[in-house]
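Here the structure comes first, spelled out in structure tokens, and everything after it is commentary.
Chain lettering (A, B, C and D) follows the sequence in which the chains are written, and residue indices restart at 1 in each chain.
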Amino acid sequence: MRRMIPTSFSSKFQGVLSMNALRCYVSEFISTFFFVLAAVGSVMSSRKLMAGDVSGPFGVLIPAIANALALSSSVYISWNVSGGHVNPAVTFAMAVAGRISVPTAMFYWTSQMIASVMACLVLKVTVMEQHVPIYKIAGEMTGFGASVLEGVLAFVLVYTVFTASDPRRGLPLAVGPIFIGFVAGANVLAAGPFSGGSMNPACAFGSAMVYGSFKNQAVYWVGPLLGGATAALVYDNVVVPVEDDRGSSTGDAIGV
Amino acid sequence: MRRMIPTSFSSKFQGVLSMNALRCYVSEFISTFFFVLAAVGSVMSSRKLMAGDVSGPFGVLIPAIANALALSSSVYISWNVSGGHVNPAVTFAMAVAGRISVPTAMFYWTSQMIASVMACLVLKVTVMEQHVPIYKIAGEMTGFGASVLEGVLAFVLVYTVFTASDPRRGLPLAVGPIFIGFVAGANVLAAGPFSGGSMNPACAFGSAMVYGSFKNQAVYWVGPLLGGATAALVYDNVVVPVEDDRGSSTGDAIGV
Amino acid sequence: MRRMIPTSFSSKFQGVLSMNALRCYVSEFISTFFFVLAAVGSVMSSRKLMAGDVSGPFGVLIPAIANALALSSSVYISWNVSGGHVNPAVTFAMAVAGRISVPTAMFYWTSQMIASVMACLVLKVTVMEQHVPIYKIAGEMTGFGASVLEGVLAFVLVYTVFTASDPRRGLPLAVGPIFIGFVAGANVLAAGPFSGGSMNPACAFGSAMVYGSFKNQAVYWVGPLLGGATAALVYDNVVVPVEDDRGSSTGDAIGV
Amino acid sequence: MRRMIPTSFSSKFQGVLSMNALRCYVSEFISTFFFVLAAVGSVMSSRKLMAGDVSGPFGVLIPAIANALALSSSVYISWNVSGGHVNPAVTFAMAVAGRISVPTAMFYWTSQMIASVMACLVLKVTVMEQHVPIYKIAGEMTGFGASVLEGVLAFVLVYTVFTASDPRRGLPLAVGPIFIGFVAGANVLAAGPFSGGSMNPACAFGSAMVYGSFKNQAVYWVGPLLGGATAALVYDNVVVPVEDDRGSSTGDAIGV
């Protein structure tokens, strides 16, 4: 079902409620929880240290480094259990590409959403002095412009995930998560002060839920989902077409 | 006794005072010494450069990067000698999971503590102008909240260590230390200004010992030890159960 | 044609307009687009956060980190499709070394240029408040001095690309992109405030095109192209001569 | 002669003036040149951006990141040609451990010194507005304290080099340079504002030569050479003794 899972983990059970599937949801939960804790926590952390003045350069540098480090690690720790999605846009793209089934994708999404809300709640409860921050769009940008930018960022992120998890590329799979995190960090540095640099609908959802405002939420869903799906289609149909290794030794793992 | 040690290193001697065991304690000593030197030294370094104003953003950015780089490297250099614990919470979790014996864990702890105190002493003696800093909790947090936060951070750290050192995952083991360091860096960025972002009881102990104040010390022991042990139990019983590869080629290395 | 491409991708078609070649151009387009988006976007991002005062240290730190992270990832995602050039100076050096044909190099250049212009256009259209920035030379430097410095930086970058993509070195190829990005980051930190730290003619071209000024453009072409070609010649003729493994198992992939 | 060199490169010629040896010196030259360019250039870069006020936190953060990125890459590009020393303290330790001959070490040192002076000259000539900076000791420290601190830092660095280049450890060698760079970065963050955080006598020599003052030069030679030699002896005699794999498959590469 997922290409990068060794047979001993994936081949025993098939249903979305099997023991094996439940393990995947727990794995996604832990990874997403950790990522959101670091992504949202680092914004709170930089905000505290700048005495509320979040418009300074630290407001993008600290979250960007936190995103890079945390996404690398959180993808790594669920890499060959659940596939290391951590992001509903990745899960959506995987479903569009036929790599996971739609019911599985729904459970992944649920798991990611709950994890994000929980991480924001932990931050809210332990750090009592601040509100949980939400992603914001720069005053000069339109909502459409922000969606486009977030979509482009998500395109690159999902494209990298497809590269990193593609056994046909002949790249050792374990270094992939490093590059996935690096993309996230670079994207936040480039677009953080403009569109927010979320790329992750779960992260935007959790913080909005705990903060209590869903303003601009559509921007953080429409852009990333469309961008991610486009990346999946470009990757599979243009750059590394599945037909290319029809009949090769790994061919039987494709499109399951 | 430790999964990642090649047979030529581990299979010759068994006792906690064998030559092989002593080598492990020396290895843990060197790794922990280096990690504490960088973690505590970077706080002193940033403090000197900010003329004592440690409440600015550099006070978390510089130590966070130092934690990421130093933990990656210090885990790496003892990775297949002593297992690269560097942290009493990791050692505790390994003992809870049955991967090392309790007597071995006691010697590891002793080695880590002495290393941490020695590193802080070297800093105190060579850098004469400053006191060694200790971990602090933000004024608005409760001790309980800080324990919870440190516990959550240690959960993620130990979970990553378990992932990285698990041969059943099929991940090349040598890249694991990179991600372990990345988790530490992300955690400091997220929680440094709130609970201190220690995650490492040895580090908290050494600096408190040399500074001469054990205030809040319990926070840096209870949280990480409980969080780490929980991670061990979740990893081994829920996400990647040992039964899963019973009878496989690596099965005989489990639970020794 | 390119050493690092598995036979199943490269051996089927030969022409510069074959399906396989087109795929390489698309891959270069995506990688260069992402790199320029991050490299130029991060300058805009730091400029916004510093309220226009780009002469502060963040003006080099944020773009340097963005360069390191983005170049690593963008090389990685086209690593064994198109070779991960991302940079006309790399493509030029590969052509000088006989690793790719001159017609292929022309198409790569075209693809990289268009990608760079497109990335700058996306930034200009979505981020409406700022002009796209262009690379600048410090007031005290001569154009010749800046060319020399950019040439030296490009030498190191191309030399690293040659190391990373050389199967004769016996290094696992997939970690190579990490070091290529690291070189870019270090170079920007060292030379950013002096010569601009571009090393990439496509990046300089795209931002100049969208900004509408080609001042100093020659500096960002002459230096990197000469520096890169020198690196190719030194690598192939002095440090790791091709004759060295004449007749070895990988020898038949050399000089195609 | 050097453990990590494939037979096809090292076994043909033996003398210190053979073609193969000359290639190693060129490789060391290029690596050291690049490292010093980045290490010293980043100090000049941060100094320019802070308008001469080098006592701020950027004065350690920017050079530390430059050291980490540049040392990783410069070790990588000469990793299996010349062994990736880049540092006279590493070469000295390799000679003390019997891994390279004393005449070879002398040529390596010469190559590293010339490279460092050349890199500083390039910076001096192209960046006309500033003097090349030299390493300084904090006012409150004694020269002895600084030597001790530099020695401890070099111990960790050399110990990591020995770990990364030891085929008996069973770690994939190509990721080693990442950790070597990470150690350098962490060390600069911890000790930069106190003892300077050089760890590299060549780097200190080159900048002192071009600046024209050898004040405190002894600190940057005595500490690192003693610290590095100690690391070599501890590694080979205590932690990973050579006797351990006497007769194993890699045993014949030891002590040549």
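As a convention for this text, contacts are C-beta pairs under 8 Å (C-beta built on N, C-alpha and C of every residue); 3 or more make two chains touch, one makes a residue touch a chain.
Protein names from UniProt, one per chain: A, B, C, D = Probable aquaporin TIP5-1.
Quantities reported herein were computed from a predicted structural model and do not represent experimental measurements.
Comparing the contact residues of chain A (Probable aquaporin TIP5-1) and chain C (Probable aquaporin TIP5-1) by number shows a mostly separate set, under half of all numbers used being common to the two copies.
Overlaying the C-alpha trace of chain B (Probable aquaporin TIP5-1) on that of chain D (Probable aquaporin TIP5-1) calls for a turn of 90°, given as a multiple of 5. Each chain gets one centre point, the mean of its Cα atoms, and the points for chain A (Probable aquaporin TIP5-1) and chain C (Probable aquaporin TIP5-1) are 27 Å apart. A separation of 38 Å divides the Cα centre of chain B (Probable aquaporin TIP5-1) from that of chain C (Probable aquaporin TIP5-1). Contact with two or more other chains is made by residues 61, 65, 172, 175, 178 of chain D (Probable aquaporin TIP5-1). Shown are all chain pairs that touch, namely A-B, A-C, B-D, C-D. Those residues of chain C (Probable aquaporin TIP5-1) whose C-beta lies close enough to touch chain D (Probable aquaporin TIP5-1) in the complex are 55-57, 59-61, 64-65, 68, 138, 140-141, 145-146, 148-149, 152, 156, 159-160, 163-164, 168-172, 175, 178-179, 182-183, 185-187, 189-195, 234, 238-240, 244-245, 248.
For chain A (Probable aquaporin TIP5-1) in complex with chain B (Probable aquaporin TIP5-1), the residues that touch the partner chain are 6, 8-9, 23, 26-27, 30, 34, 37-38, 40-42, 44-46, 48-50, 56, 58, 61-62, 65-66, 69-70, 72-73, 76-77, 79-81, 122, 125-129, 172-175, 177-178, 181.
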